[in-house]
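The structure's right below; bear with me while I get my questions together.
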């Protein structure tokens, strides 16, 4: 599935560009500009010339969104099993494929989750990783994201999930499919507890991830240019024979079609997420006990004078 | 660039003369010019106040529609220390004739929803002149439900000629979208304060205008239909809009007298368009005051009182029995 | 407003046709066929040739939908006041207009409501009447329909409202407008009590009626050919300059666009409404006390062998 | 007209011979022909049973897609003493790939929702071959909420190649519609019984397939993707669909063994397409049985058990600690 997206998207990922000139320079995956690697990294892998947002690792996302030193990964030791005994003749078995993915990516699964804080606000963060098995949703990814939601319920922490996925992991069959139901249920548990869920959609977010938790956010933030949809571009073109128009299924397309709240460039994401959580959690105080109200007021007072984030309306 | 309404002409002449005196005084500051300046200033203030104190309903309509009048986004940004605009109905589109999102007024987190007409031609077109499509009302519906989920009081701002009346709007269920909002607002378990900031016509205004407290800016209008539409129904000719404006009792003082609204928010002398920041301050003060009172009431009591409030509206007499 | 619809619609109402040949024959308002009046009345004013559903009076509706002798009208003595003192120079004042409407129609307001039964099921029924002031929604119509909803709550009676209206009554200004909010709130009170609301949309249903209670039915039934919408055809054409295509805003158009559940011919409406109420009230038993369950089971048992109404899918 | 699947050929020959013998016997009822007839009948039954007992996964896919297999509407009308089809999502359209409405099964009022593929070409086109658009899922969502409002147990029937994957579906938020249904079903406070009656693929099936009990007809399939789609992902070639069908474990017996479904509803010998009314009876019996058990459980307990059921799904091991 990973190769599928490499082929389907007109963009070469940032990692690939970096391999070509590992020391000092990288080439932008969209405009082909040569960029000074250190500046490019400092700009969170956003091209200074064309604004292309190259793919990030889990560590990059944590650095982008969380307060320094606040990240505490949980259950990083969970590993996939092979529930179907998926070993079709002539193809790599699931067990072999898992080993290959781990070796190639240096990761051990397509998601990580844990505790952290954003502008001092405690959150649960889960990040999906396109670098491992195309970010596909299997039992381990499902378990980690579900535990992130449950952490949100247990500790009344706002939950942030950064999605990047090709969809359900075929090799786990119905077990993968049912992760969608499990995660929608877990997101509902968070909703019932009235704790905010901010969903961040990055390139690409497709299939079973789009069709379950990723679109259930109270606030949905998309990264500029990210391809977001249920059926991926290749599936649409193969199934219907339609040729997709330019810009179809991008973050900007989804904003126009009413599907996401905000398209926000990387550098502004942390401030916007903090503001959204502060405002949504500020309201909860009304319904909560006086003690909880005092606590929440104290937590949010520090930032009431912040000015509106200028980029919030910038992507129409 | 100043836009002068017909009835503001006398003030306009005074303002021109004052400008001349100011310029002359800057070159040659004589005591005579200083006296003239003071006298003109006083005259201008008095005349403006006199005009705005006795506006006819049709003149009020002109003020409510003034192109320089502050609009929902001006209030959202001007009144709030934080505001994040959320977009989209999650089903069809993002209608720019309605804006909304969480915000903070005087330290209190709220949900703001309002129509936005736009100012220059391009923005007005993008926003369909403030006439929302069904997806706009459905975005509002989503934000109302989010407010209920997080216990955010709702502040709505009405400023619309009415819901968009195109065939495409009918295809996507304009009436259905409006009705769903009325029903949801009727039982939303959070405080709701509604304000007509400009023009509030018909079901298109009401669909974001049901709540615990209903405010109007001093020169705003609130009506069952635009004066033009009412005229074409009653007179079969929209040219009789001024007479319709008279008959409809659409001004804030008339509606307060009829007990159909709860409060008038005063505008700066000469109307909100002359002093937007003064208007924003006045509205923030009024809203904070209303919210302070409402947040103290338990949600169940709020909803019960809201039901009673709307249930009472309408006078009739019982021919066969006792008058109501 | 009444004349407005006479002009806006291509159909001459049944009453008008009847006036032309009051004794034996009527002319169909759509196909111009001469119909034998007694047969036409027996067919609930539906043309035997083209199926045109001519307008009905309140009494006709009661006869069509309720069990014989079950109708008990309530609060028929409510009369409008003139809340705005609406007396524009050169036009009929509201007070004069009310007198004219009463004289012309022989009715005293544009709605009636009361108790009745459908196939033995107790219901509250409200009917709007195009024959009086174009069925416009003012304080008395609003009050009667609100009382119908409240009767439904108090006696756990399913509520049926048959709509036919040009919209809000301009002469009552904001008082008329706010009836929309009052009625949506009353419909919500019924919904909270989990008592079914069947809304029947007839020709025409427009404006403030469409935009409040009429579209809040659990089940929305539309009469064939009825014009249904928010903005009426004339307003759309005047405001937008668009010429409406044939069939726009008809019951069938609304079915295709997902807005109504069923388009049902008059002769099948009673059976369908009874079935819908029986099924929806049958479910309530599950949540109710054992006593309520026994009661409801007894009330619904008699009809479990009824076959599906064949017309229910007939209007695609 | 009989449609014979490839692997049914031997049975087809037998059936042809039996027909010949029947005709001959009708003309000339000899005892020899009678014996032949009896023997052929027995042979036919035995062979049919043998074939259907050992279907390969790919053969099961063919049976699940058999054009004469009963569909949701057949069950709704055949199983229920009353059924009223409700239409529309109240926002955009009426998708005929999903049908639903209140119905009565064995005296109990329920809400039925299911995909409908259609049979002849015209109906299949009208129903988009059972691939719902977003408005279909939103109609289902409306019916689920109505079921909750009136305390009606929900019965869903899955029969779809998957959710419609067109650009227009993407524009109207296919993924959003699917997710909303999963979330709503997860906490719906009424009993929910889901049945795969034919083909149940991907999120498009699951969006009406989350509940307290999950049943499959004996020869139905339930899969993360259609075998063709899975083959083009894993093999980069949809021609490997038969191998994919093998690997995906999409048959009812496999999924029961994996504890991913709750119950298999037996099909008449030779599959549902050979005896639709027998199949309808079998399904009614199974559903009545499930509903009898579920309606006795308080709603809060149902929802809690449903959460626990889905929460458990998925195996992993903890490299750093204890296996789950």
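Letters A, B, C and D name the chains as they come in the text, with residue numbers starting at 1 for each one.
The definition used in the following text is that a residue touches a chain if its C-beta (ideal position, glycine included) is under 8 Å from a C-beta of that chain, and two chains touch if they have at least 3 such contacts.
Note that the structure is predicted; figures quoted are calculated from it, not measured.
Set side by side, the interfaces C-D and A-D show unequal numbers of C-beta pairs in contact, with more at A-D. Per-chain CA centroids place subunit A at a distance of 40 Å from subunit B. Chain geometry summary: the mean Cα position of subunit A and that of subunit D are 34 Å apart. In this assembly, the C-alpha centroid of subunit B lies 54 Å from the C-alpha centroid of subunit D.
Shared contact sites, meaning residues of subunit B that touch two or more other chains, fall at 90-92, 172-173, 176, 180.
Within subunit C, the positions touching two or more other chains are listed as 191, 215, 257-259. Taken chain by chain, the contacts fit none of the simple shapes, being neither an open path, a ring, a star, nor a full set of pairwise contacts.
Contact between chains, per the stated criterion, is found for A-B, A-D, B-C, B-D, C-D.
Residue ranges on subunit A touching subunit D, taken from their complex, read 1, 4, 75-81, 83-84, 86-91, 108, 138-140, 142-143, 146, 168, 170-182, 184-189, 191-192, 207-208, 210-216, 229-231, 235-236, 238-240, 242, 244-245, 248-249, 257-259.
The part of subunit B that touches subunit C in the complex is made up of residues 163, 165-167, 169-176, 178-180, 182-183, 185-187, 202-203, 206-207, 210, 222-225, 229-230, 232-235, 240, 243-244, 246-250, 255, 258, 260, 306-307, 310-311, 313-321. Interface residues of subunit B, counted against subunit D in their complex, comprise 90-92, 134, 138, 172-173, 176-177, 180.
Against subunit A, the residues of subunit B that register as touching in their complex are 77, 81-96, 101-104, 107-111, 135, 139, 146-147, 149-153, 190, 295, 299. Of all residues in subunit C, only 191, 194, 196, 215, 218-219, 255-262, 272, 275-276, 278-288, 300-301, 303-306, 308-309, 312-313, 316 touch subunit D in the complex they form.
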